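Letters are used for the chains, namely A, B, C, D, E and F, taken in the order the chains are written, and counting of residues starts over at 1 for each.
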Amino acid sequence: MSLLKNLAIQDEFIGFYLLKELEIKQTNATPPKDYMDIVLCDASGQLPAKLWDVSPTDKETFFPMDLVKVQGIVQTYRDKPQVKVIRMRKAAAEDGVSLTDFVRTAPIRPIDLVYTIKQAVESIQDTQIKIIVSFCVNKVEEKLLHYPAAKTHHHAYCAGLAYHMVRMLEIADFICKQRPFLNADLLRAGITLHDIAKPEEMIAQLGIVSDYSVQGKLIGHIAMASNWITEAALVSGINLQSERVTALQHLVLSHHNLGEWGSPVQPQTAEAVALHHIDALDAKLQMVEDALDALPETESWTPLIRGLENKPIYRAKW
Amino acid sequence: MSLLKNLAIQDEFIGFYLLKELEIKQTNATPPKDYMDIVLCDASGQLPAKLWDVSPTDKETFFPMDLVKVQGIVQTYRDKPQVKVIRMRKAAAEDGVSLTDFVRTAPIRPIDLVYTIKQAVESIQDTQIKIIVSFCVNKVEEKLLHYPAAKTHHHAYCAGLAYHMVRMLEIADFICKQRPFLNADLLRAGITLHDIAKPEEMIAQLGIVSDYSVQGKLIGHIAMASNWITEAALVSGINLQSERVTALQHLVLSHHNLGEWGSPVQPQTAEAVALHHIDALDAKLQMVEDALDALPETESWTPLIRGLENKPIYRAKW
Amino acid sequence: MSLLKNLAIQDEFIGFYLLKELEIKQTNATPPKDYMDIVLCDASGQLPAKLWDVSPTDKETFFPMDLVKVQGIVQTYRDKPQVKVIRMRKAAAEDGVSLTDFVRTAPIRPIDLVYTIKQAVESIQDTQIKIIVSFCVNKVEEKLLHYPAAKTHHHAYCAGLAYHMVRMLEIADFICKQRPFLNADLLRAGITLHDIAKPEEMIAQLGIVSDYSVQGKLIGHIAMASNWITEAALVSGINLQSERVTALQHLVLSHHNLGEWGSPVQPQTAEAVALHHIDALDAKLQMVEDALDALPETESWTPLIRGLENKPIYRAKW
Amino acid sequence: MSLLKNLAIQDEFIGFYLLKELEIKQTNATPPKDYMDIVLCDASGQLPAKLWDVSPTDKETFFPMDLVKVQGIVQTYRDKPQVKVIRMRKAAAEDGVSLTDFVRTAPIRPIDLVYTIKQAVESIQDTQIKIIVSFCVNKVEEKLLHYPAAKTHHHAYCAGLAYHMVRMLEIADFICKQRPFLNADLLRAGITLHDIAKPEEMIAQLGIVSDYSVQGKLIGHIAMASNWITEAALVSGINLQSERVTALQHLVLSHHNLGEWGSPVQPQTAEAVALHHIDALDAKLQMVEDALDALPETESWTPLIRGLENKPIYRAKW
Amino acid sequence: MSLLKNLAIQDEFIGFYLLKELEIKQTNATPPKDYMDIVLCDASGQLPAKLWDVSPTDKETFFPMDLVKVQGIVQTYRDKPQVKVIRMRKAAAEDGVSLTDFVRTAPIRPIDLVYTIKQAVESIQDTQIKIIVSFCVNKVEEKLLHYPAAKTHHHAYCAGLAYHMVRMLEIADFICKQRPFLNADLLRAGITLHDIAKPEEMIAQLGIVSDYSVQGKLIGHIAMASNWITEAALVSGINLQSERVTALQHLVLSHHNLGEWGSPVQPQTAEAVALHHIDALDAKLQMVEDALDALPETESWTPLIRGLENKPIYRAKW
Amino acid sequence: MSLLKNLAIQDEFIGFYLLKELEIKQTNATPPKDYMDIVLCDASGQLPAKLWDVSPTDKETFFPMDLVKVQGIVQTYRDKPQVKVIRMRKAAAEDGVSLTDFVRTAPIRPIDLVYTIKQAVESIQDTQIKIIVSFCVNKVEEKLLHYPAAKTHHHAYCAGLAYHMVRMLEIADFICKQRPFLNADLLRAGITLHDIAKPEEMIAQLGIVSDYSVQGKLIGHIAMASNWITEAALVSGINLQSERVTALQHLVLSHHNLGEWGSPVQPQTAEAVALHHIDALDAKLQMVEDALDALPETESWTPLIRGLENKPIYRAKW
């Protein structure tokens, strides 16, 4: 079975794929004819596709997020590859394929990622901080098993958010050893909370974001997380004037560093400075790693990456 | 008694003033001598002053925020006027002067301003919105009687914040009549809440801000007000997922319009757009009015005003 | 008859519409065939359309700005709705339809808007100011009956400019009552003059802008209006050094507030500050109102609006 | 006689200088004593100075723009040199010194500069353009003999504006030969007109700008020159709709290139592009030349120059 | 034979052209059919073209950079003209056409341009500077005969880089006469070196850039030229600490003036300031001249030009 | 002996300090009197100081960078503490104090830092990379023992540069283990080389930068390091076209990430992205740590820190 990432122009292929997007449209013919405008995906990547000559049965058979078996050929459409679907049928039980095999997922099992995060929360020594962080993690624990960290920007795949948190926790452990003046409790809490409201900011399935929620657009995950901390403190009987509450809200509110990047205040504690830069280091390196993973082996330059000053990344041959 | 605003270089004068700031410093002489570095103020403005040859008694007599009777002369120091204090004594009961006469205050009585604000809250028809707004106003009702709207930017005087709110409510009433598609409940609520956390963001006395609070610096009044709305809803049994809660938090969070001006989200409801522009209109015109009020009658140009693109305002002679 | 705004994908319809744009193009077939690339519009909005299989007669029959009766079907083309025209004929006298019914127009009759503007000019007390403002209004009085305030940005419809001026005059009346230190003559004059050269900057018909004039591109409406004030003064025997002339030119030149928004000087009089913020308040709220008007009732979010930080507006359901 | 530029810390000197600025201030002593805060200048540069122990006679003797004979010593005040005046008297007729010897002046005689400018105007072939340019030059001909091109930015000395115009005309002649598609009439006109309103924008004496005029602040020299072109056309019976009038106003309005640099429109004719870049080339090189001229021979780096990205210029030793 | 620049919609034509780009693509038909997506060019400009119904022989016959004889018709595709190729054959020896006639070339013979550059290098008096400049010119002498100065920005044609250098040298000669304080050796060297690494930064043939080199992307022509100067000095035994080496590297490194335009340091010598502004003047005027040359005679406005603030240029009719 | 950091206003003290800066100036008295304007420093910080009534002997005794014994008192001058020196003598051999005890130094011995750096270079596996890195390190090995990483920005103390390199190497080791796709050779080389030219860009003694060198200002450490790599390759017989040379120069040139921060190219390899973010993480956290170290124990807020968005850092009390 051919990985989408490796298909080249003119290749003919047969394989199982996920119908990541599917919309029925009409041609310009008289009378207009229906066709399906499709995005196929597997764990290696995705390709746009067209199914021409759609029958009424087809329209009742195929829906977004279905697994299908496809025979197709890769053509060029406006300088980009596009699959012309020759034959397509729904995957059946006996095909032995499973949805989760066809979406990109973090390289560590989601359940292990969430376990690690909960261990990190457990390791927080300060009781008030631990209570607040636990409260917030509990709100989204289920969603951490599959939510991405962003729609397309970085860690945009199944359990990408949890993976990002775990990697940042590892870096933070190292940095706290290197610089003992940092408060490890606060830094762990900050890492756990900084993007904790993202699962409520975005609407996603299998790591694929279809939209932002109304709350997500009108409030944003940064202020949402701050509100959750208020809620956690109030529900748990922790004084809202406590410096711990302020410190946690400051970590969340300042982690994008600049106003134009969405932070209403700038980092003004040691841990807030550390949080922002550990976040940047991990997110940027993951963008690089993901882009290089998706790069066909014969090529040297990735596409432009918006989060990296809109530059491509070069892979040396030596 | 001479208003500070009208004193010119070389003028000698006697009058009562407030010691807005007072610090004891030392001259370069050997041995160094104490002197007092002072800011005098009255309702018309303020002037720096020096009291040379400070006695030990003086140091135990005069403190910041005291009312004093001063005999002085206006000199030039680095191109700016500065008072040399010749004699000074504390004001006594029999002088019949009162602190509040010596600070700038909004042109409407603070108690009337707060009454008007509470009437506006009462006029909100939607019960949930009214409850949340009331909760937040109650938190700072006492402080609304004297807090300014900002340290120096605009409405920087006693009850300036309440005055700003009342003026905005008037404009909003007019605009809602002109454009009935606007939700008057939301717009009134937005105006009442947008700066409601400022009295906790700043530390002020008699309308004079001495500093920002730790919460003010680390969280900022915008996110603080959002947190208060969460608290109000939780305490009052209003569902945190309610669209009304989201709408109110959106109004508060977006009212500075741009990320670089401190808003983590941009206005995305009709009322949020209205709120931002009514706020701008009132604040900017007040900056102009205050600058022209403080301008000696013989002059045509105010000093540069930071909030007005750092430009001065010209007063025509005709 | 179906309003274009309410047509959904797959709808078939018959109705009268305006050919807002019409161009003859060729298909890729061998030999290439002519087709018409059309924009249909009515008072509710507009849709792109295609007429395939164009006959030589068609080419001599249909021209831009014609009223036509169309039978069509709504299809999807690149994720956007597009009409496939099935039949089309020119509207005839007996159809009883009139051009002006098919373009969007201000909600107040143009003739009443212009009357109101002229009343406002009459109410100016200062003779010199009134003469100059009258001169400039007379230059474009005819065009005020139908010119929009901008090509697409705001008030982009028939008599949109006059409507914008009238609404601003209303706000100004309110603000002048609230803040009597403002010179009402100057503010009325500023509102009347600030966009007065737009009808010469743009080339429009029925509120639809087809292009900018050469003068519009090389000089711009801001400097054009300043030049008109010079012309008005000179023709009327008013001294060019008069502070009134300077004040009026300053109002016009500074009303975009910042250099990057097109103003060569920044507001430096009280009325100039007021003018800019009243202009912003009215223009932004009109963008919101127009976008919500055009929003199908089943939807909650408008398209992105360039003038509102490129954000969409949300319409709550409650 | 010592040139101010060459005086070093600790130097004692006697010479004639101009009192470029003079203000009477008071010391902190009790009673306060008068002293004079002075700026001395000659053709080589300027230095701040103090005259302590001012007598009543002194106050009636010395005024700004007087020529005086000074005995002084150079001291350090806040890391900068400052003259302590030991003795000072007014220059008398028999001293044989003349005001114009003590201000910096363009290296070509002002009368010759103005003659060259008028010759350039004469050489314009198009009658309408020549009439308009002549009209504007006549308005300020007298002032061209001494006005600088800017307060401090560049060509900030006597006849600096005329010198800037003449140099630009020379470059334009060369460029028009190199690129014959350029319209030499328009380019000469643009150079002559681009800063023609500066003498009315600023208030200056002997090339020293004391302030900006009210018109200068509220309208600015760019829009003022555009207005003058309107006036010139109207007075001379030239049609205001003439493309020549538009072209000349475009040259003036666009010559700062960007909105944030004060131009309401950007260059959109060949000559407007040429004008901006010839202006930049000449102004920047003059800043360099003036800064190097003022640099003591023993030093390698000039002070920071605001117009050159706030960088200093290095003078190599070889 | 028809120049591409002069072809209008609907024109049928026969002529020789260069296949500047050629790619084989597939239609959506079942089975998909091959077609050629082509860019035709001649010395006057270029047009996109399509050859439908491609035979296997065609695929082995036509390749990019071939000269061909084409019969075609100009159609409209997405509002832009596109050629439909009716017949096409390869140019043969007997056709008497030559590749270089079909690409845009500088108006002076490349060999003469390079000769002029080498004369300028010869005229440098300082031996060290001359050696370093010669070394760098020798590296790319061959490529100077045909390399453009940029991919599309300016001087984007055969020998465009050498033409840009020669024109700048002419301006520099004039400016050095006007301002003798400039070091003519350094200015000539700076002009010769400032873009000298461009032929290694870009991959071009006949003045047409197909891509940037890996070195070009990772290092950029500015730092590359600095490195070449180091190499030149080392190879020629010139001390790397020599002020001449520093001065030359400074000229190259600073010539884009600002960090955001690619210069790691800003101009800090007189010659560096001159270099930047002469470069800007020549490049911008060439953009104007090239855009006007390419403008059909019936039109007044060029397309938007990215390097000119993204504005179009207007050509007056008089 | 009192640490300068712990001295409060009004404290009298005796101790040994370094004369970090010393300049002789004159008072305004008649005749003017000499005084010494001094900056005292020790390992904990620094304070401005004045010695009034300077004798001729004093002027021949005290020079910058001398160690002295001082009796003084802390006064307030313009809201900042300033020492009035009562008595001062030079430190003598028998005092047993050493210069290096009075300057701030990295918390690890310089010799150990340099040893660690050289070990890291040794561990590079690729021979060409190792040779080039060694060559550059050797150029400045001596200076690495005491040079700071910047004048004031971060690591501004003795051996600060080497300390910064060592810490970054530690982080890089951790990150390379976490993300094995990174090339550890390149990352180590990039860290070692990125600031390697700083000791030639700045002029420093004991970690105290007095100025930038001419090369430093005209070329900058980024391009200098790129030139050194060219030199290293040439001297060592490594092909200048080698991808390794390009990769190393890319790391150095791109490490400031953006043009406005001084990088002529943006990071386009995985290691370049990693280098920039590890550099930022270490530099920013060191700024925080240094500011908190210098903060008196009784205070909660550091001064504003330019490199941290010009914000102060808050130290919680719990």
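The rule is simple: contacts are C-beta pairs under 8 Å (C-beta built on N, C-alpha and C of every residue); 3 or more make two chains touch, one makes a residue touch a chain.
Computed from a prediction, not measured in an experiment: that's the story for all the values here.
Participant: Going by the touch criterion stated earlier, list every chain that contacts subunit A and also contacts subunit B.
Facilitator: Expected: C, F.
Participant: Specify, for the interface formed by the sequence copies subunit B and subunit F, whether it is same or different in terms of residue numbers shared by both sides, with half as the dividing line.
Facilitator: Subunit B and subunit F contact each other through largely non-matching residue numbers.
Participant: So which has more C-beta pairs touching, A-C or C-D?
Facilitator: Comparing C-D with A-C, the pair joined by more C-beta contacts is C-D.
Participant: Quick check: how many Å separate the C-alpha centres of subunit B and subunit D?
Facilitator: The mean C-alpha positions of subunit B and subunit D differ by 43 Å.
Participant: Taking each chain's centre as the mean of its CA atoms, how far is subunit D from subunit E in angstrom?
Facilitator: Roughly 40 Å separates the two chain centres.
Participant: Scan subunit C for residues touching two or more other chains and write them down.
Facilitator: 214, 217-218, 243, 247, 258, 268-269, 314, in rising order.
Participant: Which chain pairs here would you call touching?
Facilitator: Contacting pairs: A-B, A-C, A-E, A-F, B-C, B-D, B-F, C-D, C-E, D-E, D-F, E-F.
Participant: What residues on subunit B touch subunit D, complex-wise?
Facilitator: 50, 52-53, 73, 75-77, 84, 300, 314
Participant: Considering only the defined contacts, which subunit F positions touch subunit D in the complex?
Facilitator: The touching residues are 23, 25-26, 28, 30, 32, 214, 217-218.
Participant: What residues of subunit A sit close enough to touch subunit B in their complex?
Facilitator: 214-215, 217-220, 222-223, 226-227, 229-231, 234-235, 240-241, 243, 246-247, 249-250, 253, 258-265, 268-269
Participant: Would you mind writing out the residues of subunit E in touch with subunit D in their complex?
Facilitator: 167, 170-171, 174-175, 178-179, 181-183, 243-244, 247, 257-258, 266-270, 273-274, 277-278, 280-281, 284-285, 288-289, 292, 308-309, 311-318
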